[in-house]
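Given below, in the form of structure tokens, are the structures.
Here subunit A shows up in two complexes: once beside subunit B, once beside subunit C.
And now, the complex of A and B:
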């Protein structure tokens, strides 16, 4: 079977090369034949990669240890679902998944535009195929997934215990769908420059593709945070780890693009800026892969370090140089069509919003890479971790929160003093009131106060926008309550979908504030019968027991949890010793409510028989996960709006 | 706002402003600030796990947490403990580098970049406001390039002269259409 896999990858490489050459030839000569063949080759790459994945998955599930990849990442005692997800546990499998998602995007793109005869779309497919060449060449020559062992071992090395989590079944594929998806906006941008294409239709198409992968990347980042929360067992969900930062950066720049693209659509401005943002988003998504694979930085998420980092770095350098050269070459194409009426306007707020998003990205990039830079210059090793990012990124993020409320209520072109007063008076009042209400409940410090003010301010502006929308539309106003809101959203999905996304973001801000600033902690060794008090909770150790599970031995503490006088039941924080790796792993116990999480960790069992218990109350952490779902819903609503695309189509017809 | 509203707001705010709040940030369960956590949350575990020491559950991490606890109980200050650890493990144990020498760059650059970005954005905005659109299709039409994008002549901005020009253009386009 390994021959089929190897052949599939090799043919995928050849098809990618053929697609690039054939489409380029077709575009140059204007002949339809080569264009058609090139498109078919892109389809072929998708089919061949799927075949390679099927071959590798079959070997993983059957534990065919003659495959080196299978022997390195699975074992006989590994549950089948984790054997399936081992595909993305190692470098070769991850790259294969990357290529599959990439080729699937290529195929989805061709399917979406199958009725368009415009060669512009062939140029987009050519850029996608160009990126495929890079990934297929890596899998063919540098990091082949179908290497065979001359003497297969009786059992494999097993899967990293940290990856044996249900979240890992979906987190990497969703994250990759986001990361890799930015290839389509990038390809559109490069194709526009290559083909010297004017018009605004393409920018609406790019916006939709970007929104789609932006949603997946954001959701994937949140799933990663959730995985860190339940699996790493340190009481938090975001540690500003290099790999976490790497996934955040393209999301931030993608968000900046999704805002500034509106200025281009409405006013024909910021064209160069938007193309630059598209390119930067794509390059940062490749950079994320480079960080995860290269091993240049220490990360709790780097499961697959290797020597392919320089290849990625080379690809980033080449692709960004080509993109920059094209932007400079086609400068005239990207000239703004308009002038601005006033500085204080929606356009102005979007520009400042972009500055803040880019500043946040820059701070994250600098902090992430600075240990390498500092060591190269000074020779001394340093760490740049959460204490740095919390001090530098939090104020910038809070400024963004405030702008999230201000931007949507500023009108396009010009804002008069009366509009400012009408739109800002109530939200500012609500923000101040929320802050004052929060003070007696322990709201202290500049950042928490600004966060509460900002959150209330943004929510007030969103509510006002909905209320005004309902009032302004007679047909909507006739509906009652929730139906009026639904009806309003249906009328302008893009606008109100955006507001829902903002609302989800505010929920995340409040969740982060609550769970970081108001977190409570208690720890200590407990002998059976002893109790630990934490806020309203009482944790009484009943005992410690050993319990075998599928492929590990759990040593777990049995804690009787009470809140006030009410007994809530037992909780079982544990230490798991995986048979294969012989690494002790933390298995937390979690009691979740909408208001707070009780997060319990067993640090270990001491010689005197006492159990070291660490307990946290994380208030409002559920808002982070719910906020993420709200953001996804808002994005789906915004994506459902095809009005503008239809209008552009009509104009183009 | 009525005086009664101000009194209500003041009553709600007073306990917080005077410091009599029922809960405080980063408190331990007993209600007292945990000085050990204040130190360990700024340090990195010295093993290769790369985690913040306060949340690290590896053996090295637990040993280090115990060390900080013991040193605090023996009367050493935060600075003394940090200095001793830096002496032993190097600056890599600090969660954030000290703002001196070359490492000052990482603290200053993000804020300088943000300030520069704002300055640049402001300059660009003023330039855009002052800019003349090349060969506008109609005199007095501020949204000349807005066709099809929801722009155009706004209410109250069109003079009589502009309207004449608009009529002339409409007639010319109709004529062309009929031909």
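And now, the complex of A and C:
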């Protein structure tokens, strides 16, 4: 079986090389034949990679320990679903998944444009194939997944207990769907430069692809945060860890692009900037893969260290050099059609949005790589951690929050004083009101106040925009209540989908504010019968018990949780000892409500029979997860908007 | 043209404040990133600012008071040792011989690092170890 896997990876490598050469030849000579066979080769890569994955999955599920990868990452006592997900537990399997997602994007791209006989799309396919060459060559020559052991062991090493979590089953594939998807916008950008493409149709196409993978990336980042929250057991969800930062950076630049691309569509401005943003987003997603794989920086999420770091760096260097050279070479194509009329205008707000998103990215990049950079520059290694990121990124993020409210209600070109008054008076009033209401509840400090003001301000502008939209349309206004909102959203899915995304983001801001500023903590050893008080909660230890669960032994404390006088039921924070690795794992107990989470950790059981308990109240955390779902829904609505694409088509651009 | 100048002025103001945030952030929250040997052998370790050390937990030095909670251990890079005090729960993967990263303040007289953050690197057990050679 392993020969089939190895052969299909090798053939995928040859097919991607062939695709690049054949399409390049076809584009040069104008012959249809080579273009067609090049496209077919991209399809072949997709099929071959799928075959390779099936071979590896079959071995993983059957625990065929003659495969080195299977012996390294699974064991006989591993539940089958985690055997399935251990495909992405190690480097070779992760790379194979990367390649598969990449080739699936390639195939999806070819399928979407199968009826268009325009060499421009072949050029896009050629760029995708070029990236495929890189990944297939890694899998063929540097990090082969189908190595066979001379003497297969009786049992494998087992899967890292941290990865034995349902969240970890779906987090990497979703994150990859986001990361890898930026290949398509990147390929479009490069193809535009290569083919000297004019017109705006491609911009709308790129916007849709970007929106799609941006949604997955954002969702993947939040799933990672959720996994850290329930599985790492330190009471938080985000620690500005290099791997977290790595996934955040392409999301930030992608967000900047999704905004500035509107300026290009509407006013024909910021063309160079937009192409540069696409390239940067893609390079950052490769950089993210590099960070998680290279072991250059210490991280709690990095599960593999390896020698493929330099390959990734080399790829980033080469691809960004080519992109930069092309941008410079095609300067004329990217000439702006308009000038900025006024700073206070929709364009102006998009510009600042971009500056701020890039500032966030830059600060995050700098902080993440600071030890390496400072050593290179000054010779002394300096490292920064969470306090640095909070200090720098929180004010920038808050400025962005305010802009989220202001930007969409500023008009294009220039804004008159009466428009300002009409659009801002009520939201500012609502913001001030929310702040005043918050003060008696312990709201204090500049940033929290700005955050509460900003959140209320943004929500007020969104509500006003909906209300105004309903009033302006007679047919919509005739419907009642919720139906009016639904039919309004249907009229302009892109615009109102965008507002829904903004609303989800505001929820995340409020959730982060609540859980970071208003977190409460208590800890202590408890003997059976003793209680720990935390805010309105009382945690009474009933006892400690041992319980075997699947492939681990759980030691768990039974806590009777009450809030005020009301008994809420038992909670079971535990320590799991995995048989295979003999490594203890904290299994937290979590009581979630919309207002707050009660987060319980068992530190361990002491000799005198007492249990060390650490407890947190994390207010409003649930808003972060719900906000993420709202953002996904808003994005889906915006994606459903095909109007603009049709209009561009009619214009024959 | 007026708006162009205004745009540049506002952009410069934004970029300036971000630069200020970054510089002051590094200055006030930057940690001296050293090896155990560098810190132990330093004649006069930097007086200000925090430290970040990478190294291994010396085997047989871990003292854990779970009730407090407080964790005491010696950190080593194979040549020198530095004591670490961490007032928190022992991380899951922690143990003698494990690779750890600690951040905190250094007390040069007691040669002890008062850690505020302790991260255990994931054990390399899950990587290729002890599986023998590939079939060729």
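We adopt the following convention: the second predicted complex is superposed on the first by the 643 of 653 C-alpha atoms of A that agree within 3 Å, B and C clash if a C-alpha of one lies under 4 Å from a C-alpha of the other, contacts with A are read in each partner's own complex, and residues count from 1 in each chain.
Following the convention adopted for this analysis, a residue touches a chain if its C-beta (ideal position, glycine included) is under 8 Å from a C-beta of that chain, and two chains touch if they have at least 3 such contacts.
The structure displayed is predicted, hence computed values, not measured ones.
Contacts of A:150 after superposition: subunit C is touched, whereas subunit B is not reached. When the two complexes are overlaid on their common chain A, residue A:339 makes contact with subunit B and with subunit C alike. After overlaying the two complexes on the shared chain, residue contacts for A:442 are found with subunit B alone; subunit C is out of touch. Touch criterion not met for A:167: it reaches neither subunit B nor subunit C.
Of the two partner chains, subunit C is the only one that A:72 touches; subunit B does not reach it. When the shared chain is aligned, subunit C comes close enough to touch A:159, but subunit B does not.
Touch criterion met: A:606 reaches subunit C, while subunit B stays clear of it. In the superposition on chain A, A:518 contacts subunit B only, with no contact to subunit C.
Counting the residues of subunit A that each partner touches, subunit B and subunit C differ, and the larger count belongs to B. Applying the stated contact rule after C-alpha superposition, one finds that A:233 touches each of subunit B and subunit C. When the two complexes are laid over each other on chain A, subunit A has residues 233, 298, 300, 339-343, 348, 351-352, 355-356, 359, 362-363, 366, 370, 374, 380-385, 387-388, 391-392, 396, 586, 601, 603-604, 612, 614 in contact with both subunit B and subunit C. Of all the residues in subunit C, the ones that touch subunit A in their complex are 3-4, 6-7, 10-11, 14-15, 18, 21-22, 24-26, 28-34, 52, 54, 66-67, 69, 89-90, 92-93, 101, 103, 117, 119, 121-129, 131-136.
Within the complex, the subunit A residues that touch subunit B are 200, 232-236, 239, 241, 265-269, 298-300, 336-343, 347-348, 351-352, 354-356, 358-359, 362-363, 366-367, 370, 374, 377-378, 380-388, 391-392, 396, 413, 433, 436-445, 448, 517-522, 532-535, 586, 601, 603-604, 612, 614-615, 647-648, 651.
Within the complex formed with subunit C, the subunit A residues making contact are 68, 71-73, 89-90, 147-151, 153, 157-160, 162, 233, 298, 300, 302-305, 339-343, 348, 351-352, 355-356, 359, 362-363, 366, 370-371, 374, 380-385, 387-388, 391-392, 395-396, 523-525, 581, 583-586, 601, 603-604, 606, 610, 612, 614. Interface residues of subunit B facing subunit A in the complex, by the touch rule stated above, are 9, 12-17, 21-30, 34, 37, 41-42, 44, 48-52, 55-57, 62, 90-97, 101-103, 105-107, 109-111, 113-114, 117-118, 120-122, 124-126, 128-133, 142-146, 148-151, 154.
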